[in-house]
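One chain, subunit A, links the two complexes that follow: it is found with subunit B in the first and with subunit C in the second.
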Partner chain A sequence: MRDFLARFTGRTEIYLAAVVLVIGALLSVLSPYFLTISNLIDLVETYSVTAILAMGLFVVLVSGGIDISFAATASVAQYAAAFAGTSLGWPAFVCIPLGLGVGCLLGCINAVLIHFFRISSIIITIATMSVYFGLLMFVSGGKSIYTLPDWLTTRVVFYESQMANGDVIRITLPILVMIIAVSLTFVLMTRLSAGRQIYAMGGNPEAARRLGVNIAAMQVLAYGYLGLMAGVAGLLQAHRVGEAVPNALVGHELNVLAAAVLGGASLAGGIGTVPGVILGIILLAMLQNGLNLLGVSSYFFQMVIGLAILVSTSITGLSSRPGRRRARPGEATGAARV
Partner chain B sequence: MSEEIGAGRPVQIDTLLARIRQRPPGHIVGLAIFLVTLVAAFSILLPSRFPTIATVQSIMFQMPELGLLALAMAIPLISGGLNLAIIATANQCALLMAWIMTHYIAADAGSGAIAIGTAAALAAGLVYSTLIGVVTGTLVATLGVHPILVTLGTMSVIEGGSIYLSRGNIISGFPDAFQWIGNGTIFFFPVPFLLLMLVAGGVGLVLSRTSFGISVYMIGSNIEATRYSGVDTHQVIVGVYTLSSVLCFIAATLMMARFNSASAEYAQSYLLITILSAVLGGIDAFGGFGRIAGLMIALVVLQVISSGLNLLGVNQHLIVAIWGFTLIAVMAVRFFLAPLIAGKMRRQ
Partner chain C sequence: MLMNPVLRLSKATKRFGGVLALDGVDWEVSPGEVHCLIGENGSGKSTLIKIIAGVHHADPGSGIEVDGVPYPRMTPALSKELGIHVIYQDLSLFPNLSVAENIAIDQVLGSLARPIRRGKMRAIAKAALARLGFVLPLDRPVARFSIAERQIIAICRGLAADARLLIMDEPTASLTRAEVKLLFGIVEKLKRQGIAIVFVSHRLEEVLEIAERATVLRDGRKVGTFSPAELDGKRLAELMTGLTIEQTVSARDMADATLLLEVLGLTRTGEFADVTLTLHRGEVLGLTGLLGAGRTELGLSLFGMARPDAGEIRIEGRPVVMGSNQDAINAGIAYLSEDRLNLGVNLRQSVKDNLVLPVLSRLAGRIGWIRPGKRRATATSLVSRLNIRTAGIEAPVQQLSGGNQQRVALAKWLATDPKILILDSPTVGVDIGNKQGIYEIIRELAGRGIGILLISDEIPEVYYTCDRVLHMREGRVVGSFLPSELSESELEKRVYA
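Coming up: the complex of A and B.
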């Protein structure tokens, strides 16, 4: 037990968990509705898409890169699956793998460009974001697909129960998929050799290369995994809102990035944990939900997110100074980093 | 880069500065050749519509907005940072100036009152943008956190504040004399274009001919080494973000004058395009290298692509995709040519 505790002292996750608990306690005192199971379950479902995207982005951040194009990737995957399902009338067992495959493929394209041309990942993904999203808007004409097939829009409820006070709680498909995605990411990053290699590469690419880590394969794994998660998130978004909107997800990249970074993932690479990222999302979700319940203007929410980012980065920045950990990123190998 | 400098021979400061000013060699020339090819191609495809005065003038009208914002992005990039808050800063300055102009200039005001009101609005915008820049710069310099995170935070706060205060509304209706900044021409040249050239020239001079500018490049290359060589890096970084914010104020003035309105949500799509154009112009994403002249050529390239394809009837979204392709292609070409150029430099 002491070892267990020692692992966590002085880490971002502990501060974050404390902040989450304090804010949660505060909100439950201020608003009696906040700490009800139905509110919490609603919150989990609302943030499922963000959480899945954040899982993918987290892997890329640990690998030492960054990806701005994942929202565009998710939109392309969503549109491809929706188009195949409606206009072409293909069945679910073809369309779902198609959407996921498209997401994965676009992620891999990023990885290949970043690795072989030795260009900073932020630059490449800004460029590919323009390409993916521009082509999607061109092909779709910016029009949404409203008549999605039933298999995509039918609500799937795994567990339903009525509470004593009459509220109905439901464990739905988005929640289950999110749990699977989180577990998968956790296993990948902590239990598999590939995940440990991604950490090593993010910490010091040259050292990892000399230890025999296949940098190219790890880049493809990280960006391909984010692409896959983007595909999942895109399909889930269509499932939740019942339509495929080409520009629904674009513009939320920086919110997902904020969640991952709040949770302690470092832009310098090699640092971060799945529980930390989850705590980051919980914090954002709680702030938004809490401010809503308290009747604070929703216009105010973005400022609160910004302040949360500034405060949390100030704390981690002043306490650990990760920027001075080593020489300028990317100098040793010219590998793609920010 | 560091191996070349420390190759065992004493390096004169002049040679060092010359090297800073020259890099990356060939990129600007290559980009200029690309631009000429593009213009030639569009002129052949559209002989009666592309090579006309009207096209040139429309390019000159459209370029400055993105151009000023790209300058605001380029300076932090050269210093090894990034300023994600440029659009938010510009919009907030614009809202502030718009609010002053619409509230303190009466509808029947004489020209004297209009001049005073407009000058007051501009002064307020300048002071406010400086304030934002100093705060951002201080945060970046003292926290030691990557500027992406700091400016992501300031962007959210500023943008959220603008939306909260304006309730998402547009403020419009400015004096005619003010709108001349956005829509007037002097002889043949549009005023916005002249403004951009003036500002870009000024920024270029500051970066290449002042000690502040040289410090910006040095910080972009290696901030620790710069600090140990006696440069007050803290002060330079504050200067970088202040200059970036003030450029946002100039961009804000131009946007207000052009659209005759201000809003919290204008020009959002330009944020990542400014980085794209800076990198296309040869500014190193890791900092330390790049010239304003390259950025200006890159902006003309993007605008020529956009105008030419527009005349060919190509969809606006496809044009954005082609901008992305252009950047990847230019990076790829540079990647393949880099060993050749490096070899040539060593022989010299």
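Coming up: the complex of A and C.
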């Protein structure tokens, strides 16, 4: 039991959970609407797209890289599927894989560029963001597709039940897909060899290379996975709003990044957990929703996002700074014989 | 050794472009043997290890045998399968992964879709640690362990991979003396379990302490394999460098020289206490003791980086209070830490740019404009003062020889015209040949009247370079010696007692 507890003390997730509880309690006092079932279900559905993107970005962050282009990728994937479904009249079983495939492909292109040109991932993905998005605007002429096929826009409800007070609990497609994406990411990163190799590569790339980790394959896996998640997110976004708007997701990158780093994912690589990222999203969602309910301007939230990134990265930076003194003789040997 | 060698190299040769990195080396390692491999940087040690590990392929005509079986084409995978395990100097651990994952790393590698079996990994890690008699918390990330513990984890990774030949590259480089003792205990245990250990080191005392045989490489060739009984530090140094190293006590009696620095009862709680010392013009004062004795901390306080709690510092008779290192520099003190000397030059920049860096603000006029002529003049005068051999002040530092690069690193701080120069472990990680060069520079600077405080835990270094040696233990100065009063080994005994 003590071992079990020791595993959790001092971990980011614990502090984050505490912050979430405190802010949640505060908001429920300030706004009676906050802690209602319908508000919470609404929040989960609204943030499903962010959460799916954050899962993908989390994997890339753990691998030691960063990706700025995923919102553009999601937009391209969304538009490709919507265009194929609307203008070409292709059926769902072609369009959905097409959208996901486009997302995955664009992610893989990032991986290949990063791996073979050995340029830092932030530069590459800023460039590809511009390329992907520019291409989309050029091809689409910036025009939205409003008449999406029914298979894409029909609401799917998997579970519904009415509470005594009239609130409705509803598990919709976005919520289910989010749950699947989160579970998949969790299994990939904690239970499969591939995920642990991504952690290893993020923690010490040189050692990983020496031990025979296939770095190229890991890069493709990480960025391709984010691309796939971007494709999923793009399609879901279209499903939720009932239209494909080329620039609907652009500008969303920072929220997703903020959620991931708030959740303890380190920009230096190798650090972070799925539960942490989920807590990061919950915190952001609560802040945005709470500020909304309290009638604070949405511009204020943008500032909060920026501050969240600043604070959480500086805390990680400070705590990972190596001690200024070397271990004194004896100190090291003591702990070794617990 | 009666047993068949676990590893035998014959005529191992490796050419990189025009450079012959390894030239016909015959070498063998027996099971359960501790075999030291020594040589200066560039002597071929790394190339040799990489050939054994399969990272480099030896040139045709070379032979590698493991247990008497020749392997014409060694690969990393094959080498590993044969039980050869290299622990590189950086240990190749993953700081973010747990102890169990780091030790049982083979369970993580390989097929991507394989499920992770945590229970099995923990069992493997536990068993490997048990072979060395250690228990570590298996789920804790490696980042939270000390360097010595990480070394244990790295060794256990080898044990988990069933290593029979463990090659350790400079394993003691960042260990304290007590940790080195611990490591030697582990090596002893491994040896009793029949594992052959190749110990790559350039700390000669350690080689003599642990090795059963020592092979010396120089310029890619094998000088010979020796038993420690045939060797001493001086002989070993000569074998490594090919030079006859004349170590003579260079101490002079400086008691009559002008007093430069007086330290009276200086105390900083938890670091050092009641330190009193004097430094004269042109004197080289050694400050030795074990790591953690407070030497570096004292040096930092004298350089204004850590404010003492009590006591007084006087420079040329005047009491000074230093709130920052800027105050110290203005008071005429320069301080070089070990990494300053090694990493203290920007290799791609010119000699001139390197030299004027610390004094840019002094060269600048009121609005920050620096006249190019002033920079050139400063650089030229430093080059001639320190006899830096360079094609010119515009040559990039990387074109200079190692010794001259060191001179640039030193000269840079001389630009501030210090009266007192504090050198903390100036030769850590420096080849023997270049060490001599640094000692020469130190003597030269002392000859110009600079008072030098040389902080070092290498006994020969302080013994042969200093005029006087102070011994620190647990934050206090416990002894003051003149090299003429005792022998090198007596001094060593006192410090390491």
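Observations, loosely collected:
Heads up, the rule we're going with is that the second predicted complex is superposed on the first by the 307 of 338 C-alpha atoms of A that agree within 3 Å, B and C clash if a C-alpha of one lies under 4 Å from a C-alpha of the other, contacts with A are read in each partner's own complex, and residues count from 1 in each chain.
In this text, contacts are C-beta pairs under 8 Å (C-beta built on N, C-alpha and C of every residue); 3 or more make two chains touch, one makes a residue touch a chain.
Because the structure is a prediction, the values reported are computed rather than measured.
Of the two partner chains, neither subunit B nor subunit C is touched by A:Pro91. Contacts of A:Gly242 after superposition: neither subunit B nor subunit C is touched. Shared-chain residue A:Gly212: touches subunit C; no touch with subunit B. Counting the residues of subunit A touched by each of subunit B and subunit C gives the higher count for B. After overlaying the two complexes on the shared chain, residue contacts for A:Gly270 are found with subunit C alone; subunit B is out of touch. When both complexes are overlaid on chain A, the residue A:Arg196 reaches subunit C alone and has no touch with subunit B. Residue overlap on subunit A between its contacts with subunit B in one complex and with subunit C in the other: 328-331, 338.
Of all residues in subunit B, those touching subunit A in their complex are 80, 84, 139, 143-146, 148-150, 152-161, 163-164, 167-168, 222, 224, 268, 272-273, 275-276, 279, 285-286, 315, 317-325, 327-328, 331-332, 335.
Chain contact summary for the complex, subunit C toward subunit A: residues 76-77, 88, 90-97, 101, 105, 107-116, 134-137, 139, 143, 145-149, 152, 174, 176-179, 182, 290-292. On the side of subunit A, the complex with subunit B involves touching residues 66, 68, 113, 117-120, 122-124, 126-138, 142, 251, 254, 257-258, 261, 267-268, 297, 299-307, 309-310, 313-314, 316-318, 321-324, 328-331, 338.
Of all residues in subunit A, those touching subunit C in their complex are 3, 6-7, 190-194, 196-197, 199-200, 202-204, 206-208, 210-213, 217, 221, 270-271, 320, 326-333, 335-338.
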